[in-house]
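Just below is one structure, and these are the notes that go with it.
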């Protein structure tokens, strides 16, 4: 297949995430245009159309595909709605960028893998954008090149200023820790073997139904121990950081940076307030990489197999929420279809 | 004039800077294509054509214009060759992004102003990319909003790891300090009234014909004193940083950031090694802003008048190189044509 | 009892720690003199006598006491030799500064408590010097004053560049984590209820008989979860640091400080290389506080009861080394004798 | 002369500085006792006596000397009262620690030198305490060992939160910059040859009669250029910092350190608020060094000759306050008497 000059992208879902992607494709990256908005909510759809340069509006993905309006599909609806959109788009043989999670449980994710394997080659890229963050990439290189010795521990923190009331206890795993369940194995080039969850003193500023912070302990098959502080009501800011402990060194990413201010008796640096600013560069790089790849009908990032592995890890983590001690994670063999990705 | 859908940019000069801009327009920003490379050196021209998506090659700007191959022109040849390209492109009434300096002396810069004023509105944007750097913008806002009190002093450093043998003593002003001659008045929203140059102990690692570091003292018409440490053989890295001293606060930009590493007995952060990494984001933002504006036949950044002011400041700074004490800077009134920019 | 003008201190043990204390008392703190060195090794004894201002040499504590040569005793021999020195000195009713641990097991520590309770008031201060470190004190105040909300988690790291071959697996708990077993409850003003030990990938640079790093998970009776990374072959330096996670804030102590150097392409700060530099100020402050108190026949720091609690915690931690899951810690009631300390 | 066992110090002046020294000698350093307070103000004298361990009160230095009450004298009255105390104490042949300045003008300082040269060896140490600060010492070593190349520039800032109304324009030089006039030549191991003063925009928060901040440009005889930002109404804190620019490196001292706090949307470190906390360690080290030396009837720090040189530099700096351009500094040859100090 020869390269598409300008990729016509159909964006499925025009909520906050979809709207961000429309703005990104329209104003910050090259080689793509938002040609279709697939969104049943009329007000959201109208706003996204307005923000694009001439996209058409559809209420169902099938209509956009039938109209021949898109070369590729970006899925930005909530996870529970992913499966049918994925299956329909796979059927149409188009490249897909699917926001995380691939789907919400291992069974449905496995169905996606089965459907994708009927195509000639992988079409689905999953939106684990941290892999495109410059610091995570540097850290992965440091692990790989061994200049600080072998990796021993990964110590991660995931701190949110606050979460909405709709955020559930399970979402500590499936919506937030999900990123570490992808990135820790990716950094270490290893697979998860077990997950344990420990609980700290409850934060009284959390929504009433939440019992957090948690300490999630993840073991990898090369012996590396990963801990993740899940802490989603910290008030002071959004902080996603990792310390990688090596045999002869230590690396830290995600630390405060930018304008330094002395005022009111102290030295200060503004902390991030949201993943949108913390990871804006990563999102831009991710979507640009996907567009460049999709124009060649390929992918350039985490595959559906990666999405499946994280679905299994999330299910294991959710079990660990109500289990004392470590819960073992079992994974089928990787299908040959995904050998190259 | 209605908006151009995809701006066809002719890049004049395919040296390091031109090649960077070709890569930038082709791979990182949206709404523009490199349609023409104007470069007499065949090897450079071929490399740039290769790096673009289908640009044509021309050896002279006139040929590209005659062929109707471009909607806008980006000038990336050395400063001594700017004037004829600027005049020819103005004649064709096309938007221009001219890398700094506008031209190399106040007289030729004034001729550019005269030619531009024959057009209906300003067409020239000058490539002072620091104005698009996120930290400089934050700092300018802090000056403007007054939350730390009025600005009192600007303390700038411009440190290069090394310079080539072709770098002359005058270039300390015209090639390096030139950026501070633009950005300091922009930050302070004030005009330069005098420049003094003091000399420190000579760095024995500098090329033999250079006598540096320098301390350049710039006075602004609101009393703010600016000092600039010009230090271009520091070996350890590329460092462009500013401290802004306010009545009740202090701000610092350009400090080390990114992955933090403990190894070999110390905590460490890699320092920048070149303006290309230090200001990559600024360059991308600058060119995107210019493309967006040029599609509307306007500019979105420093004007030719800003370029002229810096040309005058450079000439004053060069005189200060061989003068004891401060040299006064005189500027004609701003032409009405530039009222809005 | 009226205050002693100049406290005559007998230092038991003139190894590295004892020698440090002799230098400290002789040159850096006020109100005390080293009047006796109790050390059977003649060479060490001679060096310590030389370093003092006129101390006498004794090979046994009994001889120093019989000679009436001391007003107070500082015990700096290895832990297995503490019990008889403590009992003898208690018998003589003299103030004691006992380097950690009080003794090496809960049973012998309990015997010390019994002996001490026969005196009129507590005489023993235990050498947990972190309580005298300025940053730990600031952190404890922050916990107590509640300005950042209630404490939720304590995240501690204990990293040594290397340990000698004589360092055993148990010493990860009894010699190193022992400090956190004292300081974490002190910071949180709470008691330990259980300890779990998790193991990361083994550091191949550790002595052959060690299996570390460890992650030690300590639960406190107010729900606060404490984790301690025990990592004693990190090569790059000595790092003792804590992050305290609050309901609405986060504090970090033990970070790199001091002269900042840009060289060889990077920004760098020297990391500590040993507890002697990291905690020199804490040791000075601790001994000065003890001297000031001992002159009034009292103590000004962790009591024998604190020493006993840590002995129990160490025994629990050692069991956790070879146990899956958390090991519960049981403690008798605090004797009324220790109500005030 | 054999060593004095416990140095009996007479403290002249029991204002803030004298009271600090009384507390220091009484509680934090060894080998000395405050045996006499020489202070005519009865209330201050009583407070100092109370804070000491049994000092006697005298209203005149002569009385303390006649009573044989002191082995050494620490002068902590304002500079204009130094000369008679110095001359009287020299006459008594006792070691002196004289707070800066030695005296307030070159002529009276020269008289002190003449009087001191009648003794057998130098007796006066001047209280430039920065020389005892650990970071300044590290920086001086870095200059001396040449690992970062030769020193090129020293860039100093002296920022105070505020000054009292009694602080005059001249005191910007004689009370504040005076420290840099001592420390810059000491760091660089060179002598001052000229001083220029430039003025920034006036801080409207300064007392009405002050026109500051200033930029003081000091040239050394090895070509090193030193600039000092004098800025004494910055509100946000007390900041004394230096950047040393080398041929192949850069060092920075005096940066924020200590507990790091994330709260209210930002990362923050408390800035120093006064020289008393910023330099407490330096003061302790200085006085301990002086006590140790004075017990041997010698000095261990800046000599009266150093004090004289700074007096000349201050006089030159004061002239530079009202002069355009650089004012040359002339110094007589160093008397042979001071060869060793």
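Chains here go by letter, A, B, C and D, matching the order in which they are written, and residues are numbered from 1 within each.
Operating definition for what follows: a contact is a pair of C-beta atoms (placed from the backbone, for glycine too) under 8 Å apart; a residue touches a chain by one contact, two chains touch by 3 or more.
This structure is a prediction, so every number in the text was calculated from the model and none was measured.
Undergrad: Please report the minimal path length, in steps, between chain B and chain D on the chain touch graph.
TA: Minimum number of steps from chain B to chain D: 1.
Undergrad: With respect to inter-chain C-beta contacts, which pair, B-C or C-D, contains the greater number?
TA: Answer by contact count: C-D.
Undergrad: Which one of the chains is farthest from chain B, going by Cα centres?
TA: Between chain B and the rest, the longest centre separation is with C.
Undergrad: Report the inter-chain centroid distance for chain A and chain C in whole angstrom, where each centroid is the mean of the CA atoms.
TA: Centre separation, chain A to chain C: 45 Å.
Undergrad: Centroid from C-alpha atoms only, then distance chain B to chain C, rounded to Å. What do you get?
TA: 58
Undergrad: How many angstrom between the C-alpha centroids of chain D and chain C?
TA: 37
Undergrad: Hey, what residues on chain A touch two or more of the other chains?
TA: 236, 239, 248-250, 262-263
Undergrad: Considering the complex alone, what residue numbers of chain A touch chain C?
TA: Touching chain C: residues 149-153, 155, 159, 196, 198-205, 213, 215, 217, 222-225, 227, 229, 231, 233-236, 239, 245, 247-250, 324-325 of chain A.
Undergrad: Quick check on the complex: what are the chain D residues that touch chain C?
TA: By the definition above, chain D touches chain C via 5, 25-30, 134-135, 138-139, 142, 147-148, 248-253, 255, 257-263, 288, 292.
Undergrad: Which stretch or stretches of chain A touch chain D in the complex?
TA: On the chain A side, the touching residues are 236-237, 239, 256, 262-271, 273.
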